[in-house]
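Labels for the chains are A, B, C, D, E and F, by order of writing; each one numbers its residues from 1.
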Amino acid sequence: MRILLANSNTSPEVTAAVVAAARLSAAPGTEILGRNARFGARIVGTRTEAAIAAHGLVDLLAEESTGIDAVVIAMSFDSGLWAAREMLAVPVVGMTEAACLLACTMAPRFGLVVMGERGLAAYRQVVDSYGLEPRLAGLRALDASPQDLLGDPGIFHGQILEKVEMLVRRDGAEAVVLAGAAMAGLPKLLQERAPVPLVDGIAAGVALAESLVRLGFSKPRAGSLKGVPRRETIGLSPALSAYFGTDR
Amino acid sequence: MRILLANSNTSPEVTAAVVAAARLSAAPGTEILGRNARFGARIVGTRTEAAIAAHGLVDLLAEESTGIDAVVIAMSFDSGLWAAREMLAVPVVGMTEAACLLACTMAPRFGLVVMGERGLAAYRQVVDSYGLEPRLAGLRALDASPQDLLGDPGIFHGQILEKVEMLVRRDGAEAVVLAGAAMAGLPKLLQERAPVPLVDGIAAGVALAESLVRLGFSKPRAGSLKGVPRRETIGLSPALSAYFGTDR
Amino acid sequence: MRILLANSNTSPEVTAAVVAAARLSAAPGTEILGRNARFGARIVGTRTEAAIAAHGLVDLLAEESTGIDAVVIAMSFDSGLWAAREMLAVPVVGMTEAACLLACTMAPRFGLVVMGERGLAAYRQVVDSYGLEPRLAGLRALDASPQDLLGDPGIFHGQILEKVEMLVRRDGAEAVVLAGAAMAGLPKLLQERAPVPLVDGIAAGVALAESLVRLGFSKPRAGSLKGVPRRETIGLSPALSAYFGTDR
Amino acid sequence: MRILLANSNTSPEVTAAVVAAARLSAAPGTEILGRNARFGARIVGTRTEAAIAAHGLVDLLAEESTGIDAVVIAMSFDSGLWAAREMLAVPVVGMTEAACLLACTMAPRFGLVVMGERGLAAYRQVVDSYGLEPRLAGLRALDASPQDLLGDPGIFHGQILEKVEMLVRRDGAEAVVLAGAAMAGLPKLLQERAPVPLVDGIAAGVALAESLVRLGFSKPRAGSLKGVPRRETIGLSPALSAYFGTDR
Amino acid sequence: MRILLANSNTSPEVTAAVVAAARLSAAPGTEILGRNARFGARIVGTRTEAAIAAHGLVDLLAEESTGIDAVVIAMSFDSGLWAAREMLAVPVVGMTEAACLLACTMAPRFGLVVMGERGLAAYRQVVDSYGLEPRLAGLRALDASPQDLLGDPGIFHGQILEKVEMLVRRDGAEAVVLAGAAMAGLPKLLQERAPVPLVDGIAAGVALAESLVRLGFSKPRAGSLKGVPRRETIGLSPALSAYFGTDR
Amino acid sequence: MRILLANSNTSPEVTAAVVAAARLSAAPGTEILGRNARFGARIVGTRTEAAIAAHGLVDLLAEESTGIDAVVIAMSFDSGLWAAREMLAVPVVGMTEAACLLACTMAPRFGLVVMGERGLAAYRQVVDSYGLEPRLAGLRALDASPQDLLGDPGIFHGQILEKVEMLVRRDGAEAVVLAGAAMAGLPKLLQERAPVPLVDGIAAGVALAESLVRLGFSKPRAGSLKGVPRRETIGLSPALSAYFGTDR
């Protein structure tokens, strides 16, 4: 089974990091591929960059999804998730979506640790968009950017665990998602020292993608996710343009 | 006051139509400008196109927002709304957001008439994203595309009014949003024949934008919408690239 | 356009204050009128007074709504809002309703600063009644009454800004409503010193009322807000009695 | 124990009817008194009348609550409920509130039969105001006014039972509230012929009032319902005026 | 009227305590009986014990419900509540359900004091299961087990009142449920010293049970609570086995 | 990896059926075991049976969970789910929980087909208990019992597909869960003929269990799911009794 980590962060280091993390948790026989979007922010951290990333994602998928069995969006705002589901016939999972859904199987309510104050409202909207507000205990922000974490993650272990403790002791979380592609791999590393399960979006995304592939669902033929009919567009990449030029 | 109708539908006919509708309802002294995104679908109707449109919007705003007092997103999925709010120091309103908020001032619960079955789930997610699910009575789909409506709207008046009646009589709506840029102007035309207020996203957007400008709010200096710091990006248009290259 | 500030606070000083604030933000050509209810509390601050104010409002409207294009309820519990909407053929907006809806166009979640601990639960019910609980970040109470604020507002600027900061930093608000007629004008005055938009119910109410008038919606002919048929009543004022004695 | 049915419907026939119904279900030793508001609609059926009724209720309570152990609001929009709770030191229960709460002890989700289409949205707001939307299966409207029902209820038995069946079979209700003072007594009469429990607001209100009295709760000394301090008012009845002139 | 306190805590001391508390608040003429489940935890405090208790309850009811007019579940997770409602033709009320519903008649939002940190999430799920999340201000945990409280409750009065104060001052509760069978009787004892009503699940349960009996509802003949048809089972007690062996 | 299908339906035929279905979808290397509860209904279909099943489940787990890597509850009300999570150090997934969570990765809103009218309210409560009400489009009931389906499923294919169509066309579902252990295997069989993904609780449960095992989360050491301390019980099986007699 070939799973594509579609990374609308455009920095290859992030892609390398998520691919490495994914391979650690993937099932035997799962092949992990990573691809960056052709344009957009190196590391998406603002709403404006997230808006661009939605296009970056579908542009990437038009190009790279041939021969792929499932896609995991490796940018933690999950931008373009429903578009990708409409676009492709194979399963698509958002990394934060996957983390939150798995957290639901382990905790009545879960929390999120995010990178930077700016992320508090943005991730809350992401969780709300999945209708999971009733399961959300709270969010806590690290005083660190993804760049900081990619640079020297070890420095931040203490701070992350402190936020986890606050989510557990004050907010009532019984599982915690470490949100962000730059956190990939950290949950596993820190699990031992945390009082509740720590969830990794990349690992969760790969696991759910594997599940969906194995279960063999069909592409919807009705509703908002059925194949896109031929549509008139301008200014898109050849591959994306071709996508809209074909009936499905 | 200069209000930009930022249209991530790329077809100039739609822009012409929304500009015309906006001018009919704008306050005296309000100047209405319309601009299309440089790339994307002619008329956005699928989730994939909506994902592209979010980028189309911020790309357009990087280029065209100088000297503008407020922006109305003239594409009815409001894609890129929060990004645009983060990006700009002037007010930004989504056309469907505006319509739903104004509907709330007239009705305990409101409904939406959308174009095509595909829109039922997509618009529900838009309304949900505003937290307005408690005010939503229902959605009903026309058996017509935006293209059909732009072609010869008169043919569809009867069908639209029928859907309005169903929303009122069966679903309990006490105001109805006619959703979609291609519906701009129709609410005014059909109001007389409808039992409850019909809301036009473009007119509502312009009205709210005028309100926000007149009230003179400041750009946030905290939270998820404060100005974007200098960020590293690739593959973006010069204007958008420059936007990320400047500290705010 | 003539907008009536219908004040079910019975103190003319409050009416003078809200009229002054309204005129500062109204569009050119908007004429602002202020009228007090004939009975009730000088400044409504308890639930009992709010209950009386609902009658005070409809009594006032029966008398004073001729020749008016829209009504803003200038008492911040918005008591009698839906009654006024049913009663009149012109738009009616509650000052707190308007503030909350405009806050939604600027912030994922907003907060309220209220006057006195007593208001915390009462205003929460007001916000909940609009279905806006998903957008509410929190409420914080000033240790000051409306009377205090009307007396010497300058004394309280520091305290108000402190509550705004708490709503932003601790509760996650990205816009803040300063709730209460006695706060009218203060948001504009303090905006510079606040990290997020401060919303004024009176200014917001006038702006939305102007919008609704300009958009020209029809009075509902179905549902819970259509005109009231002839009804038998006792003990009401001649004007209100006459209202119920006429078919609509 | 003396329970006051405070009826902001001003028609003595309705009061007589609810008093009779209350006596049938009251516990031995419970004395039922009925009083009408001094002003307002004969039978409240519109939002405007409901707004007046809130004042009618507190006016009545200022006059008549001496020596009373609890109050049931015998007007089914429960207008003025929280005001009455703030005002008095004894328990206050709304008839529709009580019916809905008791329905919750018998059914996962309940429905309401209301009198007239107009009531559908209005009662939904009442139920929502109690936060009980998750327990509400639906509402169905009789084609009959309270006046019709008071005139010759027998004619409507069939229609009521039909609406009950629809709530059960189509909407998933497992208990049904027959809403409205004019329905008092009917649930008992029709229970045999209905597939699920039928709840009577008056009977439910008396039962909950008895419960609250017997359990002996204290008047709140904190929050939004503690005693009202001396307040300045104009134009109120001597009794209500005196209420505000006393510290509590 | 005979009300059975069905206690799926298996310790007779708890049953004695709840029976004593129930008798203090029951109406004249109400006979209170207490019965323990035949198996399960002495005092249910974990989720595993609560799961067993659901069976313990229906097993007990199969044996002991003859001649009973209503049942109050005297174990505060209310385990087996809907099962018991399906099983019996007489009213069944959960002690925590009853407390929360009565709290709703006295406070816009209420809080819970629970015994032990473990209970915070578990009781939140109980309250959520009644759809009462919109009415829940918060939960606070005593640092004490039910065993501690049964041993020497006096020691904990101060701590309980402190948690009540926190629920009122910080969380906005205007009534507080003291949750747990081991708390029965304490609300009455501490009411004087608390700023808001304190609600006792046992007293509330008996009161609601009395109400439901007096109102005389019928057993549902449709939906999920109608009588259970003959069913094939294994390994159950003779009484419970017989219950499933009979058509209803 | 060894996954236990813990079946609180006591009929070995159901266990055989779910084991067979599980094996079809399990990953290579996953060993599927099936065990029945020692007591309870042959096929759980009522709330009373579901209450017993919660005990049946934890009784079974006390006996059979040694050497197991994860547990899937193979009874579709998922009774005892949180108890099992508290009890064990390995992952536990409910079959309906798993189906609903996977449906969330494929559809904005999903529906359920249940067996018998009785299930409509009961399954709605199950979905609500996961906080997934915002994602639930509706439920539709087959006119068939699990026994019927186990007997000759082929007869019901048409009826099932018809309910699926109604969920899609009328209720807006974009994925459908076929709820019930007796439906195991049917989604795969019928997928081709359905317009949207059909989700199988057993297959979904196994997939999520595999994911959770592979991701290697730790047992919570805080909150409501941490290990149960030594507890005093009566009347339980030796294995379950021993469970409570050990500190964890």
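What we mean here is this: a contact is a pair of C-beta atoms (placed from the backbone, for glycine too) under 8 Å apart; a residue touches a chain by one contact, two chains touch by 3 or more.
Computed from a predicted structure; not experimentally measured.
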Legend entry - Joint neighbours of chain F and chain A, given as chain labels: B, E
Inset, instruction - Return the distance between the CA-based centres of chain B and chain D, expressed in whole Å. - result: 43
Legend entry - Centroid spacing, where centroids are CA-atom means, of chain B and chain E in whole angstrom: 51
Legend entry - Sites on chain A at which at least two other chains make contact: 82, 85, 108, 120-121, 125, 128, 131, 133-134, 172, 174, 222-225
Inset, instruction - Chain touch graph shape: choose line, ring, star, complete or other and state it. - result: other
Inset, instruction - Just spell out which pairs of chains touch, all of them. - result: A-B, A-C, A-E, A-F, B-C, B-D, B-F, C-D, C-E, D-E, D-F, E-F
Legend entry - Residues of chain E defined as touching chain A within the complex: 120-121, 124-125, 128, 133
Inset, instruction - Would you mind writing out the residues of chain F in touch with chain E in their complex? - result: 10, 38-43, 45-52, 54-58, 79-80, 82-87, 117-122, 125, 128-129, 131, 222-226, 228, 231-236, 240, 243-244
Legend entry - chain A partner contacts - residues on chain F that touch it in the complex: 25, 27-29, 82, 85, 91, 93, 97-98, 101-102, 104-108, 130-135, 168-169, 172, 174-175, 188, 191-192, 194-200, 203-204, 207-208, 210-212, 214-218, 220-225
Legend entry - Sites on chain A touched by chain E in the complex: 108-109, 134, 172, 174
